[in-house]
Every structure is written in structure tokens, then in C-alpha cells.
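First subunit A sits with subunit B, and in the next complex the same chain sits with subunit C.
Up next, the complex of A and B:
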């Protein structure tokens, strides 16, 4: 459940609020100190730069809230879209290629979910293994090189240049998916069940909730979100470079979810936490790029701020008996 | 008369000798020397990954040449992992079937230096390619990255044309890789001498296209009057190109990058205006330089580590104006020729 912090007094400073306050503070300082930071264009750039990351984090969030983790998201994102583009280049019709790849994406989601829910293998191992499998299979059997270009004048390439009111389409898709996820988690029965299952899976099952099918559904959702993020990446860059699987993107996704206050032990947090985590990441990276700080120092500053927020949260909100017993991942 | 006969006989003998001369030429001993030195020799290529154009181009040409002299050619694919590359080299050194020549593309200045020294001490020739390292290889075959940076800087100044002052942005790779550091040094050496040039920003992309797009988008907002950008690799320059396209500045910002000169990666994108100029490597020449060094080293009899020459490949800035049909090479055609699927 979303932590019911009060505005003042004890409990007012939970991690979510600390991170939000940090993001606002950096935003305020940067607006005054950096010329060109507080402009409509730059704010659009900030939101856009974290749109794909945010979409991935939404998918990750629903899995984490249900006390799981999906480490195969980046592999699904890169390899599904790379396979789709390669099939097109091989001459397959658009409809057939898309159907095939979508079936693959849903299939991987189902497989992840099945192994976690029914074979009861820890999610960490299942998704780590499926990530390697997806990458290895597609890289060796389907595509010939790391990067696969989007065919000329294909709808994916056109999608990248779609804008409304000078705002790129990714921002709207991120907003729409965030809204859909919010409505799902807040107002649907299965959405509420995600919290119960994440908070106490055994009790949820004993209470008669379809805990296992729900678990499978969550991995299918995260796989679908990964595919959408991949299409948007290819739309913008006009190619899909599968090297991203080796990058730190996966940690960034988990970080955005966790830093916003979604506990790795499950049952806590929501869409709002993802948005706050994404906001801090976006504002921080943009400000550091404007100041022209080299990448190694950027990573240092980013990790220091994140670590500080976590330590501060640990001091203000010490772990109680329940969280200690339950443990994190 | 006797004398005449002997002269005749001598003449006949000379004639006979002359006729047998072609038979002697057919016994040229050189091919045998060549064959005994090269036949059955093992050559192993360990690039940073096999999944990008340069590595596949090198492998195609090397395979064709090594097959031709009866050697064995193998590749290892570390897939951008430094550890996997180190493991491949370690395994190669310690296996019973050691390679005779190890061709290594080092990920940075130091990671493989010790391993490569060990390989040399085991009697393996080590050829370093494309990325410099702190190690005396039996040959370095690849680009002079400082010179490459100078060429990029000159190309961007030319691309900026009448703009004054010329505001230029750099999208660097990272702060550890020699290719990025030397490239930067070469660029700044040229740009620093120009009075009219100002480098307004120099973020890193970490060789990632999405990061390149985000930093370029920010750069263009902060400095809308930028006339040229140098992105340090065509592998991520698609990101910088996307940011320029999104800002609607294709006609105003001249994008320079560098790459292996593969058709789809470079020339097609120069033709459609994505890149203004690409400093390309002559891949065929570079690969044949490797082949020459392999043939030389295996016949030289010198112990590994005797000399460490630098065989720099010629580079050229390719633009729409000077691009010809043969400015780039076609990976698919090259693979087909070498019989690689």
C-alpha cells in the first residue's frame, strides 16, 4: 500500500517525499543558476529523456509491487524490436513480422510468469536466465549485427517524428501508460490484488485470490511495456542497437522504481513513485549535462545523491519487525 | 676439326643447359619456404565484439587470406565484455592448441596488457588492432586516433562554412578509452588554433545512442546557433542525428563522425544527409596490412616482441561532395565473397 505519511510530524519524511523534495530543490536551484534550464523546450527535453526509462520502470513497478523482479526487460526491449526489424529486412510482411514478435514477447512473459508462479523458481534467477536466453537466441539466430536499422519510410521511423504541440509522441505515450497503470492498480480488482499478493502472497492465496495467474499476468505486462519502450527507442534513433543489453539501463530502471519509494519487499508504492523517481533522474541528468560535467563525475554525483536519500530514509524510518522478517530481494 | 667438334659439343651442352633452364625455374624454392612457414598455422581474432561492421569486415578478409595459405582462422566474440575477452585470450594461451598469431582489439589502454605479454612469452605473436594499448605488440595495425581527430576537426570547420563565430559541440565517447582520449586531443589541437571557433559543450555519450541523443538535444537548446557537432563514433551518432532532426536543424548543423566505412552505416547516411562528413578507415587496406604482418612474422623467425612497428591505416573524410561508388565497402558482399553466412 502507499505509505500513509502525514504532512507534518513523524512519518512525514518518507523516502518518496525526500526524493521529491530533492528533485524540486535541484530543479529550483538549476532554474535560477543555469540559463536556459527553465524553458518550455528544456522541460520537454527532460520529460522526454526519461520517457522510455519511465515506461520501463512502470512495467518493473507492477512486478516489484507484487514482490517480484523482472531482469529480462532490457533484453526483451532490445531483442524483440531488433528481431522485428530484421524480419522486415528479410522481406517478411509487416503484419506477419509484428504478429510473430508480439507472440514471442507475450510468450516470454508467460514463460517468466509460469516459472515463477508454478515452478516456484525465484524471479531473480528466472528472469536473469531468460534475459540471457533471449539475447543469445536472437543475436545468434535472427540478427547478423549488433545494430539493426529501421527500414526507410517504415511506420516506426515516422512515429519518431510525430509531435503534438511541439511535444514528442513518447511523452504522451508515457503519460497514457502511466494513467492506465494508475487506473489498473487503483481501481481494478486485480490491480488491488497486486498489493495483497505482494504484501503477503500466502495470505492472498488463502483468501481465495487467483495469486498464480495474477503473477503470470504481471510478467506479461512488464514484457509488453518493454516492447513498447523498444519501439519508441527505435522510432527515435531509426535503429535498434542491442548493445543496450550490456549497459546499466537495467539498474537505472530498478533505481527509478526503488528511489521513488517502491520497496523491493513488495506491496508498497505506485505510479506516483515511478514518476517521482523519473523526475529526479531526469532533472539531475539534464542539469549536469548543461553544466557539462564529465560522465564519470555524473555517475558519482547521481549515486551519491541516491545513496544519501536511502540513508536518510533509513535514519528517519527505521525498519520495523515486519520488514526485517520479510526481507528485501 | 676436333676443336670444331668440341666447340659444337660445348654449344650443344650450353643449348641443352638453356633448354633445361625452365625446368629449374619451376623448382622455385620460395613457395615451399612460404608454405612450410605458414601452412597449418593458427590465427585467432579477438575483437571487442563480432557484432559490428569493422570486426565482421576484418574477419571476412582475414578468413579468405588465411584459408588461401592453408592456415586456420578462428574468432572469439566477447560481445563487449572485457572479462569475456580476457578469458578468451587466457584460454587461447593455455590451450594445447595455441594460436601462432593472436590479433587483439583492446578495449582500453591497460586491460589486456599483461595477458598479451604472457602470450608473447609463450611464443605467440600479438598484433594489436584499432585500439592502442600500453603494450609493445608485434605490430599495431589501425588508426592514428589523434590524426583522426584532426581530420574530424578540419571537416567540421569546413562544414560550418560562413558561420561566425563557429560554435561547435563534441559528443565524446568516454574518459577511459584511448580512441576517445586521443581523438579529443587531435580535435582540440586543430580547433584550439582557430580564432573564430568556440567549443561550447563536450558531453560524453558512453558510446550509447540514446545518451548521445539526450545530451545533443540539451546542447542544441542551450546553444541554438551551433553550426557543427562531432560525435566520436558512428555507433552512437545516430542519437546525435536524431536530436538534430527533432530540432529541425538538419540544414544548419553539420554532423561529423567516424566509422569503419561500411555502406549502410556510413555512405548511405552521408547520401541521405544524416551525416555531413564521416572520417572512414580503409577497411580492406587495414585488413591486408594485418595479413602482411601475419605472413611476415610467421616467416621472420624473430621471437615475439622483437619489434613493435605502427602500421597506420590511411583515413579520409568522406562527404557528399567527394563520395564515390567505392568510398564505402559492403559488408554483405564481403561476407558472401568469404563464404560467411
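Up next, the complex of A and C:
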């Protein structure tokens, strides 16, 4: 759970507030210092760019809160949509292609979850391997080139141009998903169980919670969120470039989750932390782009911040020698 | 013997089922699956790809293999220490750039370029080591992030200085030789990889730091408690991995004379897959350099083979993903279930048919008839003792016994109320004997034969004998030294009850009933231990005959007593003197009237006797039932049996109430009293013997009056 800090005095400086304050500070400084930052257009751009990242982070968050991690999200996002678009291009009907790809996405989620929950393989290895497999399988067996375009006049293409009150649709989708995730984590039984399982998996299991099916469910959720994020990416770019799998997007997702205050040791954090983490990351990325820092330097900066965040996370959530398992790497 | 039983005895006594368990408990069986995979992959691709084994083709692939396996060796060491290093790909790339930059841009000599690469790896590894070792961050995520940082730095460097490298005119014969030359037919990377592999193997298996790494990987907490500097050890593994990756980076710099965006790409997942596919365990402690090398060959052959066969982009990632997932799953499952599999198959019962026993029923009139004689004894150390397997008294009438906690406790004469820990040995001290000089010798379960001087100095006399030629499991080590006695010439005759089970698993040995008990002799003059008899069903008590020319030895699970001749015409042979007793014999000791006392640890039951003739039944029992439901020998009733030199049984003392001495494992006569011990008892009993010599003591009987 999020630590309940007071507004002032000791305890006011929890990670969440520091990050929020930093985000506001960067936003304020950038608004004054950077021409074109504090414009309605740019703010929409920020929110829009954050939406996809935020959706991915929501999926990642639910896995991390349950003491796991999903390194296959970007691969699922890119490759599922690429496969979907390729199937459409090959002449398959929309319904059949969507059903097939959805089945594949859920199947990968189930496979990840099964290997983690029932075979008890560490999540990092499972998802690292499945990421490699998904990319390799779709790239070599399904699609012919790195990028697959969205067919003309397809609903995915038109989704990209839907706006409501001058705000692009993905912002609303992100908001809706965030609300749904909030309700799930806060008000449903299985949502509460995620925290218990993440805080102490053995105790959760001994208390009679269906720990393993819940674990599988979390990986299916993260796979589904990745697919939605992929559809929105394709909608705004009108194609799906599978090279994104080799980019640092995956680490941006982890960055959002960790920087927002979702401890990697599980059991901590919530949707609010994702929103705060996404806000800071979005402002930061946008500011760097406006300053015109080349992408390779941006990567260096982002990864250094991520390292700092992980070190910070390690310092405030030190690993417990009693509950840490041998081989928990 | 019926036909069915004959078949049973052939099936279970001639087919060596027990070898399956013994082979499975060998560490090298872990290598079997990766080795098989290695053969399959090399043979598979070798036969599909034309010219795979041609020297030119091999020359090229082995260069790559050399570099790759150096990286994998470094990663293996990190994994053995319980960590993981995903940043090897960036270290490799950065080191390549360092040496290329030093050589081409700054025009420095080759050795400086090499040092530049090593320095890069060392610094990068030290950062990883500091974060993971000292700050105790999660190895996987942390090195994943340092991997991205390293990659980002590399990309920046390549963009800015890549052109300068390409336009440089620097050249050197040494540089080209490292890149292209061969030494005795072998390329430099292969030689480098071999040297590093051998060095690492020796360091891991034979040096202090190597053992520390394995200990930390095996159990971090225990290593810390044992005083190993855990954090520093982990730090060093990452530095070593960094050095390995940078050496490989230098070699590829020489080979390709440049660095590009593709340098070291996907290296981390390939190296990780190689290390895991080879059979190195995640979480540390189990693995070896050889496993890493096997994995390296498998992964590289697979990777290059798929490219050579012309499969498109992505196929490799797909195959690597599958291989990694399967290897990790097998590793986790095998590690988790190995002991279960072993438990399932280890116990391999044999067929044994014992003859019908004379009745031990009270009032049956046989010499074995039990009475209630030892149900009323004076208790010594009641509740303060746990597991006095053997008891012995010295010349000053003090009483000694071993305990479950690895201590020898001494009770002071005359009332035996006060006690002290005479010595702490460890293990579980079982049989006891005094030698001529008053040293107390003990067979310590799970440890060996030990001697304790009157001023409490503990020395190990023997812990191993010669290994037998046909053994799979090392039977040189003494697993269950049980009882001993000392001949007039000072030689120590002692038993090692079983080769198959550890001392505390003696009940499993009773169910298996395989004849692996041994009689050994330790010669204090030479310090050597020899095996005299082998292949008995749990050899237990040993007692030197009164004349010192032969000894009696009890064979517990066959309910027999043998006489082993030290001198005379039958010297070196054993003959059975008592067979088919109704109880399971334990220790044997001298009695004051020239006869012998023998303890019974339990009684035969018709049901267990029957099960001994149905090994299949016992096998199913150990596999399908929880241990609480197993059929064991009855150890709720024991006794003390007296027999004479010829093996004639004179009488039996029992405890029908089962309260004082249900299970008797030893007894010692001293000045007209009988002292009774039991391995599962919490007391020693003292019983006044009618008509016994009130001056007779053990030390006097063995070594004469005090000098």
C-alpha cells in the first residue's frame, strides 16, 4: 500500500511526493524556459505520448505489485499488432484475424503465467525468453518486413484521428483503463489479493488464496494491456514498426513503474503511482525532445535515471533476508 | 523356497537396482542432458550443413566460439556466486571500442589497447559488483539497466568516433596476428578461451576464492555465518565477468579491426542461454566452467547453423527463446525435484529369508524367553540425556556415554548424579572403548573413529578405508561407524554398518536390508585402515573374546552373531555362531563370568519377517506411503542376552513394561552392576546383578590391573 504521509513535517517526503514535486518542478521550469512547451498543443502531445506508455505501465504495475515482472510486454505489443495487420493484409477477415491474434496474446499471457506460477521459473527468465520467442516467431514466420502498415480505411487507422474535445481518443482510453485498474485493485477481492500475494506469496497461499491462478491472471492482464497499447500505437503511426522491440521502450515502462513508487519487491503501489511516474517520464521525455537532445543521449539519461531509481528503490525497500528466497535474482 | 520366492530373490538380489539411485546422486549426472544436447546439435547441424566440419569453416567458427566462450565463462562464475550479469554484451562492446580507439585513434601499441579493454571491463564490472554486491540490489534488473547504459554510451561513442576509426591507417603485425594468425593450428581466441577456462576451473575447484564463490552461491546466509565476506566475493565475481567480457571484446577488435553498431548485440541473451543450457543453475552454487563451455558450443552452433541454413530474421531469437525457456524450466524443476526423484528410487530393497526363530515369549522355556528383569533399574541422568547409544566405565568407576548432540558426557561415581560434558566431538558418538593408556575411543556416527585422551584432546584416527573397485558411490568414506573394540596388540576393530545410508537413516537401511556392512581394522602403528569383512546386513556390535584371539560381531538385520578369528587356523575368516535370533542384536560386551552380554535393539515380528521376503512390497511401501505408515522392525521391545564363547545362549533380560528400557543398544558390566543404554532412550539404567563378581571391571579385564 501507499505509505500514508502527512502533508507537512516528517513523513511528508515519501517517494511519491518527491516524484510529483519533481514532475511539477520540471514542468514549471520547462514552461518558462522552453519556448513552445507550455502550449495546449504540446500538452496534448505530452498526454498523448504518455497514454501508450501509461497503458503499458498499468499492465506492468499489476504484475510488479504481485512480485513479478513482465519483460515480454513490448514484444507482445509490437508483434501481436504486427501479426494482426499482416493477417489483414494477407486477406483474412477482420473478425478472424482479431480473434486469432487475441487468442495468441492470451495464450502468451497464460504461458508466461503458467511457467511462473506452476513451473516456478523466475519471472525475469520466463518473460525474457518469451519476449525473444514472440519476436522471433512473428518476425520469421508471420511478417515479411520490419514494419507493417495499417490497411487504408481500417478501423485502426480511423481510431488515430478520433478526437473528443480536441483531445485524442487514446487519452480517454488510458483514463478508462486506469479507472478500471484502480477499481480492480481497490474494490475487488482478487485485486486486494494481488497486494497480499506480492507482499508475502507464501503467506497468501497458506491463507488459502488461489495464488497460482491469480498469478496467471496478472500475466494475461499485462498481455492484454500490451495489445491495447499496440493497437493505439498503430493507430497514431498508421503502421507498426517491430524494431521497437529492440528499443528502450521496455525500460521506460519499468522506469514509470519504479519511479512512481511501485516497489520491485512487490505489495506496494497502485494506479496513482503509475500516473505520477508517467507524468514525470512524459514531461521529461518531452522536454528533452524540445531541447533537441539526440535520441542516443536521451537513452543514456533515461537509463541513468532508471538506475538511480532502482538504487533508491533498493535503499528504501531493502530486501528482507528472511523472506528473500535463495536464487531470487 | 517356493518358485515365486526364488524368482523374487533373483529379481531383487541380482539386479542392481540400487545403482540407479547411486548414479543419480552423482553430481556429474547434471551434465548428462546438456552433453546429449551438445552431441545432438553438433551432429544435427554437422550433417545438414555441407562442409560444416571442413577446417576452414571450423577455423572461422572456433574463433567466434573462443570469444563467446570467454564471455560465457565470466557469466558462469557470476551465476555460480548466485548472481547474473546481463551487461556482458555492453562490456564486450565498450571494450571493443576502447581497444579499437586506443589502437586506431590514439595510435598506441597493442598491449596498451589490451589494457584499455581490460580497464573498461574492470571498471564496468566493479560498478555492477558494487551495486549488486555491496548495495544488494537485484542482480537481474540492475545489470539490465547497466547494460542499457553501457549500450547507450557505446552508441554515442560509435556515432562520434566511428568515422575516425575507419579512416585511421594504424597497423601492427601483432594486432593482425591476434586477429588472423594461428599458433600450432589453433587460433588465438581458442587458446585464450582454453587458458581462461582452465584457469577459472582450477580457481573454482581448488582455491579459496573459488570455494567462497560456490559457498556464497550455495547458501548466502550460511556463507555469511561461516565468516565469508559475502559482499566482497560477489563484487569480485562481477569484476571477473567484466574482465572476461573485455578480453573477448579485445579479441574481436583484433579480428574485425573495428567496432560497429552491431558489436555485441544480443550477446547477453546468447551468453545467458549458453550458461543455462549448459546446466549452470540459476541462483548459484551448482555448475562448472565445463558446463558453460558446453552451453556455449550448443548455442553458437545452433545460432550459426540457422544462419548458414538461411533461415530469416527472427528465427534465431525464436529458437533462443525456446531454448532458454526449456533450459531454465528443466533446471528449476530438476533442482526442486531431484531429491524427490532420489527418494523415490534410492531405497532398493532385497530379498532375505531368515530361519524361524525360537520363541521369546515369557514362559516359553527357551533361553530367549523375555522376563521383566530390567524394568526396575536405577535411572541415571533421566531427562538430562538424549541417546546414550553406548555406555562405558573407567577405572575410577566414572560413567561415560555419547549423546545425540555430539558430546561425551561423564557421570561421576559413586552415585552418578553429577555430570559434565567430558568432550565435544560432533556427529553422534556411538560405540565406546578404553585403550591401554586410558584414552577413550569412539565410533562417531557420520564422522569416523575418534580418540579422546584423559585430558580431553580429541583426535580423529580414521574416517576412510580403501575404496572398493566396483563402487559407484564413494565407499571409502565411513558413513555409519557403529561400534569398536581394541585387541591386545592395540589394533582397533570397528564396524561401519552401511555404505548406502547416513547414520541417522539406519531405519531405511533396515527396510532395504542390502548387505553393505563392513568390519574394519585401524592400526595405530601405521595409521592405516583396512576392510576385513564386507557385505553383511548392518554389522553392529564388536567385542573382543576374553582370550583376545577372536572377536564377536553382531549382524543386526540378519539377527546373527559371527566370530571373526584373529589368530589360529581360522585366522582372517568369520563363522556364524548364533543365527536366527528372535531379536536384532546391537552391541556386545564382556561379562565377568567369562561370557558375553549382547543388547537387542528390537524384536523380530512375523509381519516384518514376511515383508523381508517381499522386496517388491517394501519398495512400493517406500514410494507410495508417507514415512509414518511404513513397516519398520519393532524397536519397542528389546533386551539383554547372555551367551558363551561357543555361541550358546544362556538367558535373556527383558523389560515387558516397555517403560524403562524398551530398546537396548548397549550394556556394560562393572563391579557387579549392569549399566544399560539405548539410542532412543533418555536415561541410563543401573541394575544390580546377582552373583556377579563385585570387583570385575572392563578396563581390568582388557588391560589388567592398573600399572
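Methods note: the second predicted complex is superposed on the first by the 291 of 329 C-alpha atoms of A that agree within 3 Å, B and C clash if a C-alpha of one lies under 4 Å from a C-alpha of the other, contacts with A are read in each partner's own complex, and residues count from 1 in each chain.
The rule is short, and it goes like this: a residue touches a chain if its C-beta (ideal position, glycine included) is under 8 Å from a C-beta of that chain, and two chains touch if they have at least 3 such contacts.
Keep in mind the model is a prediction, meaning the values are calculated, not measured.
Undergrad: Between subunit B (first) and subunit C (second), which does A:167 come into contact with in this model arrangement: first, second, both, or neither?
TA: neither
Undergrad: Is A:110 touching the first partner subunit B, the second partner subunit C, both, or neither of them?
TA: A:110 sits against neither subunit B nor subunit C.
Undergrad: Is A:42 in contact with subunit B, with subunit C, with both, or with neither (first, second, both, neither)?
TA: first
Undergrad: By residue count, which of the two partners contacts subunit A more extensively, subunit B or subunit C?
TA: C
Undergrad: Touching A:130 in the superposition: subunit B (first), subunit C (second), both, neither?
TA: A:130 contacts subunit C only, not subunit B.
Undergrad: According to the stated criteria, A:233 is in contact with first (subunit B), second (subunit C), both, or neither; which is it?
TA: In the superposition, A:233 contacts subunit B only.
Undergrad: Please work out whether A:24 is in contact with subunit B alone, subunit C alone, both, or neither, and reply first, second, both or neither.
TA: A:24 contacts neither subunit B nor subunit C.
Undergrad: Where does A:89 make contact in the superposed view: on subunit B (first), on subunit C (second), on both, or on neither?
TA: So A:89 meets neither subunit B nor subunit C here.
Undergrad: Just to be sure I read the superposition right, which of the two partners does A:310 touch: subunit B = first, subunit C = second, or both, or neither?
TA: Second partner only.
Undergrad: Which partner does A:296 reach: the first (subunit B), the second (subunit C), both, or neither?
TA: both
Undergrad: Using the superposition on chain A as set up above, list the residues of subunit A that contact both subunit B and subunit C.
TA: Shared contact residues on subunit A: 139, 296.
Undergrad: Quick check: in the complex, which residue numbers of subunit B touch subunit A?
TA: Going through subunit B, the ones touching subunit A are 49, 51-53, 56, 79-81, 174-175, 201-204, 206-210, 213-215, 217-219, 221-222, 235-236, 238-239, 241-242, 245-246, 264, 331.
Undergrad: Give every residue of subunit C touching subunit A within the complex, in rising order.
TA: Contact set of subunit C toward subunit A: 82-84, 131, 135-142, 144-146, 148-149, 151-153, 155-156, 159, 219-221, 269, 272, 276, 281-284, 311-322, 324-325, 328-329, 332-333, 336.
Undergrad: List the residues on subunit A that touch subunit B in their complex, please.
TA: Per the stated touch rule, the residues are 35-36, 39, 41-42, 45, 48-49, 52, 139, 145-147, 149, 160-161, 168, 233, 236-239, 241-244, 246-247, 285-286, 289-290, 292, 294-296.
Undergrad: Could you please specify the touching residues of subunit A with respect to subunit C in the complex?
TA: 69, 115, 119-122, 124-126, 128-141, 248, 251, 254, 264, 296-297, 299-300, 303-304, 306-307, 310-311, 314-315, 318-319, 321, 326-329
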